[in-house]
Amino acid sequence: MSGNILQIRDLTLSVSERDGSMATAVDHISFDVREGEILGIVGESGCGKSLTVMALMGLLRDDVKATDGQILFQGEDLLKISPLRRREISGKDMSIIYQEPMTSLNPLIRIEKQVAEPLRLHGKVSKEEMHKKALDLLTEVGIQDPEACLKAYPHQLSGGMRQRVMIAMASICSPRILLADEPTTALDVTTQAHVLDLLKRINREYGTTIVFISHDLGVINRICDRVIVMYAGRIVETGTCRDILDAPCHEYTRGLIRSIPTRDRKGEELPCIPGRVPSVEDPKEPCPFAPRCLRALEICHKEAPACVRIDEDHTACCHLC
Amino acid sequence: MEKNKISTRDILRVEHVNNYYSKGGLGILKKAERNQVLHDVSLTIGNDEFFGLVGESGCGKSTLANAILGLIPFEGTIEVAGHRHRDTDRKEFTRHIQAVFQDPLSALNPRKTIGETMREPLRAHNVGTRQEQEQMAARMLETVGLDASYADRYPRELSGGQRQRVCIGAALMLQPELIIADEAVSALDVSVGSQILNLFNTIDVERDFSMLFISHNLNVVYYLCDRIAVMYKGYIVEQGTADAVYNHSGHPYTRLLLSAIPDMEEANDREKELLEKFKDPVPGACVYYHRCPYANAHCHKKPDLVNIAAKGEPEHLVRCCMPTLFDPESLAEPAHLPGASLRKEPL
Amino acid sequence: MKYFLRKTLILVLTVFLISVLTFIAFHIIPGDPAGLILGTNATEEQLEALREQLGTNRPLSEQYTSWISGFVKGDFGTSIRYRMPVSELLKGRLPVTLALGLISLVIILLFGIPLGILAARKRGTWVESVIHFLTILGISVPNFFLCILLMWIFGMVLHFFTPGEYISYTKNLPGFFRSLFWPALSIAIPQTAILTKYIRTAMLEELDEDYVRTARGKGAGETWILYLHVLKNAIVAVVPLIGMIVASVLSGSIIIEQVYGIPGMGKLLIGAVTSRDFPLTQTLVIYITVLIVITNFLVDIAIQLIDPRIRLGGKS
Amino acid sequence: MKKKILAMLITAVMAVSLAACGGGGGNGTESDTFIYGMAGEITDFDPFSSGGTANSRYVTFNIFEGLVKVSTDGTVKPAVAQNVDVNEDATVYTFTLRDGIKFHNGSEVTMDDVLYSVQKAVDGGLTGYDEIASFEATDDKTLVVTLSRTDAGFLDYFTQAIIPAGSDDNGEMLLAPIGTGPYMFGEYEVAQQVTLKKFDEYWGEGGSIGEIVVKFLSDQNAQLTSFQSGAIDGFGGYGEMGEQINEENATITQTLSNMSQVLALNNAVKPFDDVRVRQAVALAVDSHDVLDTINYGIGQVVGSPVPPALTKYYMPELEDQYAKDNDAALALLKDAGYPDGFTFTVRVPSNYPVHVHCAEKIVSQLAEVGIDMKIEQVDFGTWYEKVYKGRDYEATMISVDGSTISPTAFLARYVSDSKSNFMNFSSAAYDEAYAKALNATDEASQIEAFKAVQQILADECPGVFIEDIGSLTVYTKQFEGYNSYPLTAMDFTAVHKAE
Amino acid sequence: MRDGKKELRIGLVLTGIILGLALLSLFYTPYNYNAMDKTARSLAPSLKHLFGTDSYGRDIFSRAIFGSRYTLLVALSTVGSCTVIASVLGLVSGYVGGLPDEIIMRIIDAISSFPDILIALMVVTVLNLGQFTIVVALCITFVPSFTRIVRTATLQYKNAEFVKNLRVFGVSDLRILLVHIFPNTFPLLLSTIVIGLSNAILAEAAMSYLGLGIQPPIPSWGRMLQEAQTIVYTAPWAAVCPGIMIVVTIVGLNCIGEGLRKLYL
């Protein structure tokens, strides 16, 4: 087991509602990120995966607070460090790419300045060097005409090109860990395939650890080594890709996999999970999935399930596993 | 639950439709450049048939949908249940065709209750009295799997999936012969999306209606539809039965789509190389020339649709200068096609 | 280039529409310029003689066509009231109103932008609440009430300036600017408040944009983000409003010139309208409208320069 | 970054304070200049056209002189003419030219100049000149004017300006007037101010101040502000403005404005076609109350259009003919058929605030007898066109001044067929009495005749003659001296440094 | 930064005070608004005269609250009529687009850059509806800005998917416009109306400053200010009271506008 680059212990995030009360959106989650791996976090919208990544980067909105837990990175707890120190890490050791390439770049500034910005922020680098580094990065991420792209403005690039620029921007300071919040969801399926390959290459060649968030199990399967399944602010199952896809243990994971219209299910009734995802305000159940779980037992409604280790690298938090 | 679908008559006939849009025109002052979006698109949908239309963003599938709905001008003929745009007035035309759009949030007027929105089509065609309309709306809510009490709720109080059900219900109020679903499940989570797919199937059992199901996800289209057409940059590059297009795709672009869609199978080799080879586009050549791994001198002319199906089999058209039959399993060298010209000899 | 052609066409069209509107206005408002000059004791013959001399006995439509044909050739006709060519009258007036407008614009920009930025930067603190309160106050004070206050407090009590005293720029320039400073201030205060409010809202809106989140992800500090990223976008959002602010500065100056007795185009306009001086009013209205339309023109060009999305059009 | 903003703010504050405090101290009056602030504008100086209006007389009165000139006691005394003699039936007037009198351009006044000026007045159709049958110069020193009918007061018309021959053939006089008066025309800044220079070779005793600047201000507020701040040395205004000046640093001279304020009732419009209703309104209006409240008592109540300044013709007994008497008014209203009163609108020109305020006072007075008066302000251009010439109104409030000091200037208006009879007043008795007065040969009979005319007018009561609004002339402490004339005019020769 | 609610509350309180005073003046004013009392000229504010008296001995406080009724009435009717006209114009030019949009916008541009004093003069002379001629004049000067706001809102909703949906339902354009698009512009319209009210009061004050506003003897804040300017040296309070009334009303209205905008947009 190579060393853990990032440890999250009992991280709890609460959102302040209009009427002033605090509702927990992420409920005491703990997991580790191993050096050099691509860790996937999968879950439907509203399960708190984006909030978790934002907490890692220290970019929580004003109305969201980390009310408990620690995020240990290079020996520091990111929740406790000073904003100044936090800013030194962001962009240099830890960087992030987002889902919407169309709006994530400043429309009024040329690509070159935006790509080279982390360099300017994190160290004295001469203009030529910045230009050269930016040029290299753009070629690296597979942009055909990097020279023209540097001079261009964001609105002149296609969705796919912009996401590549984002990746270049995020890895220009060769960070140790790269967080990706659904980076390919807004892209075409062919462009998505290219971007996923690019990320894999960066992980392989530079050893950058990647935390990849998605709601699409197919994408997770294509790029991730390990995966965490989240539901209503809780981790329900963790394991390698194959364990989760071939032998899902938690009822929710199974429901997710069953409802995907794959080739062999043409025309059949897709078994799907009844009801709908609880919202943040709803009262907290011991096991959040219990109300929708077809195999729920008495105990599921009373006691919070403990996380059981099923296999060497596969745990699930359910009374049945 | 294999539907035994036999199409007796054509509900939708689209013949040689071209569409241009002008960009940057300043009225009389500056001549607008005319970009062509749809290139000679023709397709027919039989009654009680689900027809899938697949393509990446910008390939013109939504433009075709809007053209069929009569929202935008086009050249060529479009007939819905025997009615042509030009000779039937818009209101009469809408009785036969309805639509379900991608983003359920913006497809419903935030200021109107669900009941009011569902009654709009009935009110527009003044079908029945107000009470009757309310009952029909309530019944429709049940058919789409929602409690009748939702009629008094506002769109913002519903989840994405519930809102999409309302849109489907509203589209079915006038019992149209044809429904156009433009990316109906793309904006939803997978589990919610599959509930909608189930809904389409259950409704199809109760009442027979045809559907043009548009999506960028080939798997979803394969799951739901009887026949599929694949579009690329305004051209239909492949068209045929779901099984033919999905399992025996004859066009490199369809192959590319198939290989690009992330699925859950055990990828045999992590580095499954994408079937693409970028090169400089050649004017006048096949529209897919600059990305086609098999492109060669043959492809320097604009191909038209060729039927590569064996005799007796349902039509399977491919727009390629060298239509070949690919076995999706083996991504290696494409097998020969009886009767088609062999790829090897230069013509 | 086509864009400017279209804009100039609209400019000419609007100006023509305005001159027609003025013509209709004069058609409707009763009042005989000759009578206003000679007063109540004039005899009929005197009135007739003066009307003949001024040409006001010709039907109004004829006066309009002769004025238009003159206007096109650059001759704005002779003022009925002052009996001298309108262009000469304007020669002395235009610089005054322009100077007044410029000074108030400088004050608006000099105070509006920094205050707006400060309010955005210090959002949530007492600084922002104070600025917010001041802007609402600034917007609510009628500008002539402001004049009375300024004249009374700074003029009479503190003797910072002598109200009612105007030093022409021909005599001494610093004196000229000093005498224009206070009227400019009374025009500027409400507009500064408006600009501050707009800049603050624009910046707060920009702060919620995704590119700000990206910048934060790169480790950029608040101030870095505010000045390098947000400010430029806020300016682009606010520039169109500058056109509106200039328009209200111009219309505001009409009343302010009247109260402070500054011989600008505004005061001349009120005089021209009350004395039914058709050529002078027509020219003044056109001048003021052209000023406003040109400002909007410049605003459009400014937007083009700053915002590449408009300048370079769609995807390359 | 922070520094950048602070720097911007500091420079802004500095620029403000620098510009602000530089302005202390108005341009203290240099030695020999007197700046007079006038509410209104003078647009040209042609004595034969607009030179005659009240506003422009502030300046033309000092630049031009006629053959004869008005004196402070309301009589006329020789000016360009050395002396005047009139035959017994007042049909022939003989003027002898004063010798050695000079124009501002230095040339001496000759008979040709006089003939040219009189001819110009006749051609211009000025009031009174239509009575001239013929005029010629018997020699280069005497001018004989024969009238078509007897007119004892004809001399008042000959105050008309004498200008150099050929000097106004095509309107040069408009902006470059040349006359024989004590002050010469200096420079004129359009709609801003006009400067007059002392004419050293003036035949009579001229002014003591070397340079007079007449500044055009927009309204009474501007006058007060400029005076308080020292931008002007003197101004003329109404009674209510006097309150705002503290006595220590100003010398205030109270005079009458020599015009009578009238609540004119359109006699052609119901209910004012009935004389009883007009009398009832007159009784309900309390002129003394209006004078004391609105004009702080500065001015004088009048009963006829002839202002008190025309001492010979003024009738003080008319002042109280319609003294406040609500019961009499109600009685008159009842038998005129309006027992519970009626409603009417008074249209007031908005550029005369004093009339608007008086109207507001009268509203409450008329309300006491059930008459509901509504006020509608109109701009002067509309008033002149609609009310004065179009006679499309129910009532209006205005002070009407006379162009000359003869009673005819104030009474001619009420003759039935007069063009300026905007009140549509017609009474045969009045016309007959007026004609008789015109033909009166000697002064005594003329005075007696004109008084009878005024009595008829008072009885027929075309409108309510309220007051001759007092006017104040205010100087700073350094100046004093003011000549009051029976018509609105400003004699700058009277102004001199206070010892 | 205070959220919408607090501002809304402040705004309601301030405007409430003014409305209260205006309603009070219907039944009781300390003195008759036009009673001139020679003996009580230019008195300083005292218990007898809350805001002192003007140069003719009239009680400024009574005049201010009596005048407030008319000023508010003029403002309300101006903004009311203007909203109706502007909504029609804005909806039509926004939804229909093409030539009618171009024509309407050109006319709007022309009117908006036309000096408002000329418009006021023209209207005041043409029709004399007594107190309400000024309403027509102000309405004409306000229509351009209101129309632009409604037009932008309509454009924004015109391309919304639910409009496309309705069109597919076969709903008529008119019904889409009036029943569906128009209600969606209400929040924006609401805050514009409130801001419009404060601008109307300012404009009426400016107009009556030039003698074109509410006609005497009914006092209007603008005219009281103008008259007060004459006596500002000896009786400055004469200017302060109407000034404060205007400022308080407009601050109140602006706060409500801001609050609404924050809560609903």
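Note that the chains are named A, B, C, D and E in the order they appear, and that numbering of residues resets to 1 at the start of each chain.
FYI, a contact is a pair of C-beta atoms (placed from the backbone, for glycine too) under 8 Å apart; a residue touches a chain by one contact, two chains touch by 3 or more.
Since this is a predicted model, take the numbers as computed values, not measurements.
Under the contact definition stated at the top, the chains bordering both chain C and chain D are E. Note on connectivity: the fewest steps through touching chains from chain C to chain E is 1. By C-beta pair count, the most extensively touching chains are C-D.
Centres computed as Cα averages put chain B at a distance of 54 Å from chain E.
Computed from the mean C-alpha positions, the centre of chain A lies at a distance of 90 Å from the centre of chain D. Chain B has no residue in contact with two or more other chains.
Within chain D, contacts with two or more other chains are made by residues 221, 228, 351, 379, 382.
Across the assembly, chain E contributes residues 121, 125, 210, 226, 229, 233 that each touch 2 or more other chains.
Within the complex formed with chain D, the residues of chain C that make contact are 29-32, 35-46, 49-50, 53, 81-84, 89, 92, 107, 110-111, 114, 117-118, 151, 154-156, 159-166, 168, 174, 177-179, 181-182, 223-224, 226-227, 258-259, 261, 263, 267-268, 271, 274-276. The touching residues of chain A, counted against chain B in their complex, run 44-45, 144, 159, 188-190, 192-194, 196-197, 215-219, 221-222, 242, 245, 255-257, 259-263, 265-270, 272-273, 276-277.
By the touch criterion given at the top, residues 69, 71, 90-91, 93-95, 97-99, 101, 103, 106-112, 117, 120-121, 123-125, 167, 170, 174 of chain B touch chain E in their complex.
On the side of chain B, the complex with chain A involves touching residues 1-3, 56-57, 159-162, 189-192, 194-195, 197-198, 201, 216-217, 219-220, 222-224, 242, 246, 256-257, 259-264, 266-267, 274, 276, 278.
Contact residues of chain E toward chain C in the complex are 1-2, 106-107, 109-119, 121-122, 125-126, 198, 202, 205-206, 209-210, 222, 225-226, 228-229, 232-233, 236, 239, 243, 246-247, 249-251, 254-255, 258.
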